[in-house]
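Both complexes shown next keep subunit A, but they swap its partner, so subunit B is in the first and subunit C is in the second.
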Partner chain A sequence: MSKSHHDRTHHVKKATGKGDPQCFKGEAGPPKFKVGDHVRIKDLPDLFYTRCQVYTRGAPCTVAALVYESPAAEDEAWDNTDKPEWFYSLIFRQKDLWPDYPEAYANDTVETELSERWLEKA
Partner chain B sequence: MAKKPTEGEHGHRPPAPMVDEVSDFEVLEMAVRELAIEKGLFSAEDHRRWTEYMDTLGPLPAARLVAKAWLDPAYKKLAVTDGVKASLQVGIDWVNSMPTNFGTPSDYCNLRVLEDTPKLKHVVVCTLCSCYPRPILGQSPEWYRTPNYRRRLVRWPRQVLAEFGLQLPPDVDVRVEDSNQKSRFIVLPMRPAGTEGWTEDQLAEIVTRDCLIGVAVPKPGVTANAKRPVHPAVHPVHHDH
Partner chain C sequence: MSSRNKLMKHFQLVGQLQPALHAPQHAPYPDTIDHAHYRAYLRSSHDVGGEPDVPITWEEKEEEQWEHNTFVTCECLAWRGVWNAEERRRRQNVDLGQTIYLGLPYYGRWLLTAARILVDKQYITLTELNNKIDEVRKRYE
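The block that comes next holds the complex of A and B.
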């Protein structure tokens, strides 16, 4: 069998002793959004792999924190680490996710993380 | 007709099989593992050492982290702002530890400690799979990985928590943390009343794994996870084959 020319150890070399996602620090460029921004999750097409949950798509939310830089899961699944992105911690009101969520608990929330490609200004 | 194998010569049954069923995912894991060993990515010995290492992990360091944070406001601040750094003080090095020294793909090195307040209760789920802060909490409980918990917690958090025995008053907001990228989460619950003057050891004892996931709150005198009753399905699926 011929030898693969793809270096399957590049991630090990980059991350050992630093950690993942720490090893991508400083590679994403300036972030597009800041804490407190109101954003909306784009309903992007995804082929074969995504970590963007259906329940978040199209929903408005607030940026709670800029958490780290990393290739998006949708790229990294294919070992594409060329373009790291900012990841944001986002807070959704339950009422915005599930229209019949009980009014009595209007301040209940869901927090989750997504990369920059999934966000647009609300 | 041959004698039934269940009735041996000496009148006792042969040992039951170790597992009733091997899932497709377990078969897949074995196939990939054997392929990886065959291709020399790691050895069978490496695999044995890693799995044995994983089996040594448990929730005690995280319980210690919470107890320390209750007693030391400066440490609490560190825990909430930099969970990875705070973990070092309870003996967990997220970056320089087995097996990879950079966090395995399911244990990325970004721990966040979610601080409960009198008005906000956190609870953690991974709706996609089973992301879990293994280095500091060990292996996840079986229920954490079930589609039942993962599907329902984001949609009906209060009802699911009530099933765990945790009934929250309406003036406490629930925040479900859906852990599905590279951060891992533990909950820093409120220190309960009745623990005044307790030592770090005493406090750590009441911080159970369930408190760290957020489906329970610490109580003086409660040092174990509640039993999870298993209810048979009302309309079970029948397999004819």
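The block that comes next holds the complex of A and C.
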């Protein structure tokens, strides 16, 4: 039996010879933030799927790099790929994430990537 | 389930598998669930960062043959356009639910998810899949 109505070819056509996320380059529009900006992670609804770690919500961080353009995880997880966003590499101070983080390691950081929808100016 | 005896043991084991809250909380009435519990239940099960847990023993271990086969199968499903990597992750890390996420081996979740998407997207029927499992299982009886 095979009666699938799902479109199996659109991503292959788009990504062949370019790769993913390179195939979305130029589709996200101008980025809202730049390297060095101080931003904060929004506490958006996260029903059914996200890759925005709960431990980052509300925490301040610094933009380390604009890494690529891609559909956000929340869209791509259902194969909705027509609205790519900028992805940012973000640096958090561990002390800003964990209240009991030891003072002796005050300079420790953690870096992770999130899409633009999760960021607001700090 | 090959016997009624095994079936009864199955019920007992399932009864012991609790959600991560480690509290009896079965099918509550609407006025006994607050927002904190709603959010805890609905959070993506792969997002474990910050949650208290016990240490896990690290073992240096090669992948087994079935694990390699599973990985290649899932990559072929992507190559043929059945899913993309994010849909695969959504299904194997979140859609399976908390109990299976924590309870099965990593590639066990990949394998279940590969079967699930073929049924969900109607490449095969669940009846066909179950008949095949039954046929294969009989080879080992």
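In this text, the second predicted complex is superposed on the first by the 116 of 122 C-alpha atoms of A that agree within 3 Å, B and C clash if a C-alpha of one lies under 4 Å from a C-alpha of the other, contacts with A are read in each partner's own complex, and residues count from 1 in each chain.
Keep in mind that, in the parts below, contacts are C-beta pairs under 8 Å (C-beta built on N, C-alpha and C of every residue); 3 or more make two chains touch, one makes a residue touch a chain.
Quick caveat, the model's predicted, so the values are computed rather than measured.
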One more residue to check, A:Val67. First (subunit B), second (subunit C), both or neither? first
Just to be sure I read the superposition right, which of the two partners does A:Phe48 touch: subunit B = first, subunit C = second, or both, or neither? second
For A:Val12 in the superposed arrangement: first (subunit B), second (subunit C), both or neither? both
Between subunit B and subunit C, whom does A:Cys23 touch in the aligned arrangement: first, second, both, or neither? first
Between subunit B (first) and subunit C (second), which, if any, makes contact with A:Leu114: first, second, both or neither? first
Which partner does A:Phe87 contact after superposing on A: first (subunit B), second (subunit C), both, neither? first
Pick one for A:Asp79: touches subunit B only (first), subunit C only (second), both, or neither. second
Once the two structures are fitted together, what part of subunit A is touched by subunit B and by subunit C alike? 8, 11-12, 20, 53, 55, 73, 97-98
Using the touch rule from the top, collect the residues of subunit A that touch subunit B in their complex. 8, 11-12, 15-23, 51, 53, 55, 67-68, 70, 73, 87, 89, 91, 94, 97-98, 104-105, 107-115
Subunit A partner contacts - residues on subunit C that touch it in the complex: 42-44, 47, 49-50, 79-84, 86-87, 89-90, 94, 121-125, 128
For the complex, which residues does subunit A have touching subunit C? 1-12, 20, 46-50, 53-55, 71, 73, 76-79, 81, 97-98
Residue ranges of subunit B touching subunit A (in the complex, touch as defined): 41, 84, 94-96, 100-103, 105, 108-110, 112, 127-128, 154-155, 157-158, 170, 173-183
